[in-house]
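Same chain, two partners: chain A is paired with chain B first, then with chain C.
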Partner chain A sequence: MASVAQEPASREPGGPEGPAQERRALPGWRAVGARLLALREGSIIVITIVTAIYFSVNTSNFFTGENLETLLPYFAPFAILAAGEVFVMILGEIDLSIAGLYLFAPILFYKLNTSVGLSLVPAVIVALLACMAVGAINGVFVSVVGVNSFVVTLGMLFTFEGLSLIISKGTPVATPGGQPPLGTFGKVFGGGTYSELIWAVAIVVILQIVLMFSRWGVYTVAIGSNKLGASEAGVRVNLVMIRNYMLCSLTAGLVGVFEAVRSATVQPNPAGPNEILFLAVAAAVIGGTLLTGGSGTVVGALIGALFLGILKDGLILQGVQATYLLFYTGLAVIVAMTANVFVGRVRRGQTGGG
Partner chain B sequence: MAAEGAQAPQPGQAPPPEPVVPVASAPDDVLRVEHIAKRFGPVTALRDVNLHLRKGEVLGLLGDNGAGKSTLIKIISGFQKQDAGRMFVRGQPYEPKSVDDARAKGVDTVYQDLALIDELSVYHNLFLRRERVLRPLPLLNNREMKREARRALDEIGINIPRIDVSVARLSGGQRQAIAVARTVNSDADIILLDEPLAAMGAKEGAQILDLVARLKAEGRVSIIMILHNYVQVFQACDRVSMIQDGTIVLDKPTAETSVEELTKIVVDEYRRARLAAQG
Partner chain C sequence: MTDSDHVHETLERLDYIDRPAADRPGFSRRAFLRRTALTGVAAGSVGGLLSACGTSASSGGGSAGVFGSHPSYKFVFVNHVTTNPFFTPTQNGIADACKLLGCTYQWTGSENSDVSQMVNALNSAVTAKADGIAISLVDLHAFNAPVEKALAAGIPVVAYNADAPANKRLSYSGQDLKLAGEEMGARIIAVVPEGEVGLFIDTPGSANLQPRIEGVEKAVKASGKPITTHSVATGTSIPGEISAIEAYYKSHKSAKGLYSVSGGSTESLAKVMQSLGLRGKVHAGGFDLTEQTIKLLGEGYIDFTIDQQPYLQGFIPTLQLFLYKVSNSQTGIFEANTGLKFVTKETVEPYKAKSRFEGTTATAGVVK
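Entry: the complex of A and B
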């Protein structure tokens, strides 16, 4: 866990916004604190560390290898989902359909493997391509047709959850390649202990680089910040928006397959995916991505997911009853977001003059 | 040289017949606009616009709100397509398919809203759509963009202390200057400025007009500038065109006209409009 939290912190020296003068002026820990807060992800990093310290003091077995393994599925899938969602949220839009595709992708994968006869990898690839096609449709509706993204993707959410029920006839499906003993396919696609963690870190790192250091990323921010201005400057707004929706759908389908392999079966019940959707959006928002668009961070989304994971895991370790878990999670999210806003204000006050 | 503007109608006259506007031109034109018309549903934004821009000159475009200035700019810049009429750049037929296409043909625009991205840094804004990338990975070459941005800003004499801060932190004048620098830096030789002095203090406005004067002195670019303040027109422009009711009603070198003449056209139009409104 600790090594994951360190990851973004070690990224700072290369970060573009390091206020050089302040850095020299402040000694020791204060300098570290100042640099941490200068990051967009700064406040959530602080809050996540504080939460982790709280649980390690108040429970005996928080910092154990065993617990790390328990923690992983609580956050890795959300980190991947949130990473894709960040690309849509920076545009100032939302994608609710990820829950539908999360459920649909593994069921389509199952059908392609068992009924059509595709072998595992081609079946996954075709299923993910189908998800991207759905993302493209989302993108076309939002950008070209101009329908509100909440409405379009809500419709897609219901459509694909419904389609999943129809295809599976409402009965649980045994994930191909997910049955013990796991083969290479199963270990790579979510079944291995660290499989999802490795995917999550790789996807987050790549997408953060795309966001900060590629034209695609710059145009994404440009559209979310000033859509008309971006199009006047010659940015092909529709193309970028469609592409981002395709990316978001791809991550949704990918996580759907991972989770299906990990749990060996797919329950065609929309309740689970819907909760996962909310947690993924929450992870992105907690991580510092604005719902209004124009600003966001993939690394922040990963840390937001980590915060939610630590919270759930810590509460369970503390012996909170299952019936109380959601209640406490809700309160903690509100407290954390309030603290986030406060720390963010300190941060802006500090770097405001720059 | 410049075509004679349509006669200003006398007050009290009946609404004038459709004016037949002669095509305006000069031998050293870099841009020529002929009989451009544009409707938005029931609204006629441009009726019949003829306009020309000579090499190295600064043309002031005047007109009331809703007269069609911005529509004309958007058509020339490739953002919208005209319903009728033709355009020529350096004598060649000019049919921009997009803003990018217009830019590739040397026509670039600073819009009224500046098209700046608040969340992006000064240099990312300067290079928007023309980013420098590293090879072979398509990653942004931020170092080179910073260096070139600094040089470009120095060249046209704009003082921006830090170019790695987001443009949201800059003043109105600095933002305008960056928007202008972006077009100048894009190798465009025909630059359209849509109300560059709107919402700007006198001192900041003077800085922008200085910048325009410096560009003019260089002689590389030709500029069409939408303005409201007549004093600024006479200060910055070689020639002035006035657009009224979707057509050009005056086209004269600034040396041959006066604030009084421009004012009279506007007042006459106002009287005529009031008369029409009263039936």
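Entry: the complex of A and C
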């Protein structure tokens, strides 16, 4: 009898309310720190800041306005790609075809502009619609037909990399609207210094809001957590999945056009995009999206991309040779992600196991 | 400072310059600068001291005296295929020139011809305030604006290995690619009277290969001979290239000649000539000298290969950038054609020795 009465009392200090009350009482930066850690993206934010501080201390040119400009293309394109990928990954699926569409979109854009004679903006819109159509096909194969998403999108990846080579005859061409001096089109679509950053932030904010507050976002998480349950609860699973694949393909095509405008050349070389695909998925996972689905964050993907960007830019600024770059990057990712797990534990501890 | 201090400093500096770690990453520039600052005061006398000691200036440390006092320059080389063995001799050339001149370098860029990555690396080099940049201009458009930006920031930029005519780079060190193609075409015309000729290219359109194939086609067309050329894209991996070349020959058995315009596909072509037993039946030739190409050329599977001296493509740009910096832009920049050297079965012998100049060994010079 006495033991039963004592139990709730003994639980109270360690219970969920305890730390919360304590946190409310704390003034100043500790409160901010605790609030930061309470976010899902908290640990990766901390890791990214630590990485940035490391390079600021060790590399005289890292913490400069000039490097901010240099850093942008190291992460902004990946943030956009990862933002779309997060929507597919939350479903518990994957989309590898983004590398194919990243390559294909600017080539189609070039052809529409030069061979068909569409002006710049309509050509981009048609190219992006084509990408979304490919996304819809991906979605139908995965949801309605039920083919494994890795296989379907791998097939799509090869198909569209191949198609890009066929259409372009393997020859790089000058991006329409991407030649200096840049016009408004070029400045908006990736060529302006801050263009990709602005797009990345806008896309990430919009998609994060969609994910957290819209029915579409809630359904997406529901399908990723329990597909059958979601379906029985009345969610039109196939429609949501197709929509997410279309979104993912759209972001891939968009980034493809941005990068082609930024570098002033449309390169039908599949090797680059394949590496970019890997980095985009890595950014999403590092940012806190589960490969197994059911949970994810678009803002986290942005931070994940930022972490990878800072790492690469910082290592190059430090003077690391190409032969050693992959080695150091690999080690740094492992060390940072191990630290991430520990920071994550602290975070969960502080928020009472939440 | 006493004389013994001078000697001590000089020895320390020589040790430092001769250390094998000079071309390693993680090499601390600050430590180097600190040392240079220590010795810098005595820099002028270092050269004199060296000759006083009977040491030849070319042994490594005397350059500070030769060119007056100057900081340790750092040059960044941006490359399109950083880990490709073709560029091992180029990196050796850079390392050797840096050792000779007392500067440092960074080898960076893309592993797989990704132009966006190369642009990023070029921008990073500008941000890092490199003293000079050398870049392989494998794209005709992508590098024009970034190179102008670097030049505007006061950083000299030179091109090596591949060039883009519209680019504002100060100079180009490498093969005259179109001329090389035309010369190859002349060889083809000389041995093939008529019929089909297969031309193999890794990546059509890339600015380091396309001019060659255009040169070949131009020469063949100008000759007026009834020769039909087919250009075949082979990809960049040796196994893929071998299957592409085999597939071409099996579907064009009447082909009189098979020629490659890139190093990788030349090695693959020689291997196909060997495996299909085509020696003596079909004419063949290509570019560059990989270890396998040298071996198979020696055994007569291909008629010739064209050497473009990749070692010089690292050594010369480093030398140019160094002279440009040390002379305060008065001298150093020149167009350097690193050549068009036909190597045949008769002249391949010297290449069989392992050497740093062909990237077949890391030790200095030629292994005797």
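What we mean here is this: the second predicted complex is superposed on the first by the 325 of 354 C-alpha atoms of A that agree within 3 Å, B and C clash if a C-alpha of one lies under 4 Å from a C-alpha of the other, contacts with A are read in each partner's own complex, and residues count from 1 in each chain.
Here is the rule we use: a residue touches a chain if its C-beta (ideal position, glycine included) is under 8 Å from a C-beta of that chain, and two chains touch if they have at least 3 such contacts.
Predicted, not measured: the structure shown is a model, and the values here were computed from it.
Asker: When the two structures are laid over each other on chain A, do chain B and chain C clash or fit?
Answerer: They fit: once the shared chain is superposed, the two partners occupy separate space.
Asker: Does chain B (first) or chain C (second) touch A:Gly190, or do both, or does neither?
Answerer: In the superposition, A:Gly190 touches no partner, neither chain B nor chain C.
Asker: After superposing on the shared chain, does chain C or chain B touch more chain A residues?
Answerer: The partner making contact with more of chain A's residues is C.
Asker: Examine A:Asn226 and indicate which partner it touches, taking first as chain B and second as chain C; both and neither are also allowed.
Answerer: After superposition on chain A, A:Asn226 lies in contact with chain B alone.
Asker: Once the structures are superposed on A, label A:Gly177 by its partner contacts, choosing first (chain B), second (chain C), both or neither.
Answerer: neither
Asker: Quick check: superposed on A, how many Å separate the nearest Cα atoms of chain B and chain C?
Answerer: In this superposition, no C-alpha atom of chain B lies closer than 38 Å to one of chain C.
Asker: Residue numbers of chain A touching chain C in their complex, please.
Answerer: 59, 61, 64, 66-67, 69-70, 73-74, 77, 169-172, 174-175, 178-180, 259, 262-265, 267-269, 271-272, 275-276, 313, 316-317, 319-325, 328
Asker: Can you check the complex and tell me which residues of chain B touch chain A?
Answerer: Those in contact with chain A are residues 79, 98-100, 103, 109, 111, 113-120, 124, 128-129, 131, 133, 138-140, 142, 162, 164-165, 169.
Asker: Going by the contact rule set out above, which residues of chain C touch chain A in the complex?
Answerer: The contact residues of chain C facing chain A are 23-27, 29, 74, 79, 82-83, 104, 106-117, 119-121, 123-129, 139-142, 144-145, 203-206, 210, 233, 236.
Asker: Under the touch definition given earlier, write down the residues of chain A that touch chain B in their complex.
Answerer: Residues of chain A touching chain B: 16-17, 209, 213-215, 218, 221-222, 224-226, 228-235, 294-295, 354.
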